[in-house]
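In what comes next, subunit A is part of two complexes: it sits with subunit B in the first one and with subunit C in the second one.
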Partner chain A sequence: MILEIKDLSISFGGVAAVVDFSMYQEENKITGIIGPNGAGKTTVFNLITGIYQADSGKIYYKGRDITKLPAHERTSLGISRTFQNIRLFNNMSVIDNVKVPYVVKIRYTIFEEMLKLPRVLREEKSIDDKAREMLGYFGLAGYSNYKPKNLPYGIQRRLELARALMAEPELLLLDEPAAGLNPGEVEELMKLILKIQREKKLSIIIVEHHMELIMNICSMIHVLDFGKKIAEGTPYEVKKNRKVLQAYLGDEG
Partner chain B sequence: MHIIFQQLLNGLSLGGVYALEAVGFGLIFNVLKFSNFSHSAIVAISAYFGFFISRYLFPNFAVTLLMTAIFGGLIGVVIEKLIFRPIRLKNAPLTLFLVNSITAAMLVQQVFAATLGSDYYTYPEFMKETAWRLGAFTVSKTYVIMLTISALVLLFLSYIIRKTKIGIAIRAASSDIRTPSLMGVNVDFIVSVAFFLAGILGGITGYLLGMTYSVDPFIGSMILKGIIAAIIGGIGSLGGGVIAGLLLGATESLLISQIGASLTPIVVYSSIIILLLIRPEGISGKRFIVKA
Partner chain C sequence: MFYLKVLEITSLYTILVLGVYLLTGLTGLFSLGQGGFVSIGAYTAAIAYLKFHVPFPLALVMAILMGMIVGLFIGIPTLRLRRDYFLLVTFGFGEMVRASLLYLAQLTGGAMGLAGIPKLVGLPLILVSIIVITFILYNLKNSRFGRNCIAIRDDELAAASMGINVYAHKIKVFLLSAAITSYGGALYAFVIMFIEPNLFNWLESAKLIIITFVGGMNSLSGVLVTSMVYYSFGEFFRFVDVWRDVLLALVVILVTIFRPGGLFGSWEIFSGNLLKKRKEEAL
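Coming up: the complex of A and B.
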């Protein structure tokens, strides 16, 4: 088990956003979190990554309590994510974008850096090689010197994924990766997620509205409604669940 | 003719200091998106610091300049920790950052006015010969040194921002300060580094201004020209700020020699207003929404 969440709650100005949410994430598995808009799915991600601090409850990552850890330390432990609204660094080139999560892993001081010690030069080359390799892996090699905002939406989504993997995560959180993609691109994305899961040995949690994607690639699904978990199970179980149908379709469902 | 050339050189070297100010101001604006008027406090404190150490401790130009630069950087870090970090961690609105920065600037000004305000402090004469003669031209050593130092410092900073890993992190934070922490970047540390770098620029600005004129409690208000240069340059663009700073310095100097010192500011300020009416994004051409 790579991640364990126990009774996590947070409210904003008296409004409960997530209430007593618990889940396990098995290693090398893909889990989905679904639910209507405003159900608290992204909030769960923000709690796992440390953007928000939970009011109560615990988060364990590989057995370690990370509930109070600042965001950047959680990333260095191996948790990485993408964003619902793409958050690329638009003033930087594509290659510099993917370097951001990797440069912090390199340990040398700015003084060594300015003196251009041989070790630093080697490290610099390794950062550059690693970034190019990652862009190549995602078929983005040709865009190295572009600014992200000038690229098509689908490419930007892939670039975000490439950047998230540069942090060398073990747990990857994907926040609505299919948003804004056309059916063909969703198909590609599904294959891509399965490919990176297998090749990079990742545990993945996906928040998504796109049911086909969730049902096809997740082994376990959690359903949120108004901040509470109303169902969990395999895609088949969740599809049959009456509460889930009600949450999505209203009482007539 | 050679008067104009000399004015141009003097103007450029003053413009170099404006450029330092513009970049010191712009660096913080880029990362935290507010107008950091407390930069003037760093300039003032450093100007006094530079005076005291060069007068009483080491009468050596290079040593005291370096010490003042580092001192300015540390003051920048302290100011950030004291008045900006607490409100940043509480997600305070940008207006509050602006208010804090102006208050800090005025506080420092008033403290100096109350304690050291009765006197003008003049830096020691570092160079025996204050001018070089090149044929018909007389070139002030101070001005040449000012221009050279500004250029070196800005090149150094540009290298750090473009090439080093800390520079990559600063640029990422400038683009979107919420996101780098999710890439493993310690944003608090990056903000400290940005204030340290801006503080170094402020320290050198204070030293050069103090050395050229003399030190009084209001020396910090001279960064207003740098702020104007940052805005003309296209706030958010450090390179634009450098060009605008040099242009502003040169224009001022030439105008003073042609139409006099009292008319010059009027012409300069009205041109700036007209320029920004025509091109609100500044000369660098980057569209950037200015908040607070």
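Coming up: the complex of A and C.
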């Protein structure tokens, strides 16, 4: 078990966004979190990554309590993510975007950096190699010197994935990776997620509206509605669940 | 002689602009209190030299350290805040320094200022300083430090999620900027030979920011060139007086409309851009 969440709650100005949410994430598995708009899915991600601090409840990562850790420390422990509304660094080239998360591995000090001492050159060289390899892996090698905002949407999505993987995570959180993609691109994305999961030995949690994607690649699904978990189980079990149908289609389900 | 004087003053201001480039250009933090650091640097070095007979090089080091210590006191509580609050606090800080210098008249000479500072700094030292500072900033810009700066400027939340300790990095940036600015202030005292509490108000601090924007937030060379041009222009055309600022305002408006990325965009003189491109094409 790589991640364990126990009774996590947070509210914003009296509105309970997430209430007593618990889940387990097994290693090398893909888990989905689904639910109607405003159900609190992204909030769960923001709690896991440390953007928000929970009001109550605990988060354990590989057995360690990370509930109070700031976001950047969680990244260096091996939790990385993508964003629902793409958040690339638009004033940086594509390759520099990918280099940013490697900050968690860099060993040289700021003083060496000021004078560009050999260790800086050496490490920067290997970072450059790694970044190019990562871009190549995602078929983005041709775009290294572009600015992200000038790239097509689908490419930007893939770039976010490449950037997230540069932190060398063990747990990857994908926030609506299929949003805005056409059916062909969704098909590609599914294959890509399965491929990186297998080749990089990742545990993945996906928040998504796209049912086909969720049902096809997740081994476990959690369903949220109004901040509460209303169901969990395998795709088959969730599909049959009355509460889920009600949440999505309304009563009389 | 006149030209030498102009070049001296121009280069001095350029050191201050370099401090702002790091803070505002690269990291997106707006400070209207840079004048405070100029004064702190100038007064620390001058007082150490005149009243405590500290050797000149040591006085410079003391000015830098004092700037960084004060920077730490201002930075620790405010850099966690949103950027607009940071702007307000630094504005207040600059005015506070001015008021304190007036009030501590026994040490600082109050409104009368400090006179009798020997002219120990000439053009060579200033130019060497610019080269060294530019070298350091250029190195920082092109490795982890610079990537962190730009990431924070572009999207703080994403930067934190990508493993950057945003708060700690902002403090580093602020301290380094304070060090550069205080150093510039210390040199200033030993060039002008007379300092007074109003030597650098918030409007001057704002001008440093404007120059950074006109030159281009992503271009160290752009900021250097723009700063040299603006300040030497100011010295040559003293007779146009107020119109100087009108002209600057006009340039700012034109640049923001037609070249929002600054005059130089992200172009650098010394990076061998052409060379790099050719190499990449060959690959």
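Everything that follows uses one rule, which is that the second predicted complex is superposed on the first by the 252 of 253 C-alpha atoms of A that agree within 3 Å, B and C clash if a C-alpha of one lies under 4 Å from a C-alpha of the other, contacts with A are read in each partner's own complex, and residues count from 1 in each chain.
Rule of thumb we're sticking to: a residue touches a chain if its C-beta (ideal position, glycine included) is under 8 Å from a C-beta of that chain, and two chains touch if they have at least 3 such contacts.
Note that this is a predicted model, so its numbers are computed, not measured.
**Student:** Is this a clash or a fit when subunit B and subunit C both end up on subunit A?
**Tutor:** Once both complexes are aligned on subunit A, subunit B and subunit C clash.
**Student:** Between subunit B (first) and subunit C (second), which does A:31 come into contact with in this model arrangement: first, second, both, or neither?
**Tutor:** The answer is neither, since A:31 touches no partner chain.
**Student:** For A:145, decide between first (touching subunit B), second (touching subunit C), both and neither.
**Tutor:** After superposing on A, A:145 lies in contact with subunit C but is clear of subunit B.
**Student:** One more residue to check, A:91. First (subunit B), second (subunit C), both or neither?
**Tutor:** In the superposed model, A:91 contacts both subunit B and subunit C.
**Student:** Identify the overlap between the subunit B-contacting and the subunit C-contacting residues of subunit A.
**Tutor:** The answer is residues 49-51, 70-72, 75-76, 80-81, 83, 87, 89-92, 96, 99-101, 103-104, 106, 110, 113-114, 163, 167 of subunit A.
**Student:** Can you tell me which positions in subunit B touch subunit A when the two form their complex?
**Tutor:** 160, 164-166, 168-169, 171-172, 174-176, 178-187
**Student:** Quick check: in the complex, which residue numbers of subunit A touch subunit B?
**Tutor:** 49-51, 70-72, 75-76, 80-81, 83, 87, 89-92, 96-97, 99-101, 103-106, 110, 113-114, 127, 163, 166-167
**Student:** Along subunit C, where are the residues that touch subunit A in the complex?
**Tutor:** Contact set of subunit C toward subunit A: 136, 139-140, 143-145, 147-148, 150-151, 153-155, 157-166, 172, 217-218, 266, 280.
**Student:** In the complex, go through subunit A and note every residue touching subunit C.
**Tutor:** Subunit A residues touching subunit C: 49-51, 70-73, 75-76, 80-81, 83, 87-92, 96, 99-101, 103-104, 106, 108, 110, 113-116, 120, 124, 144-145, 163, 167.
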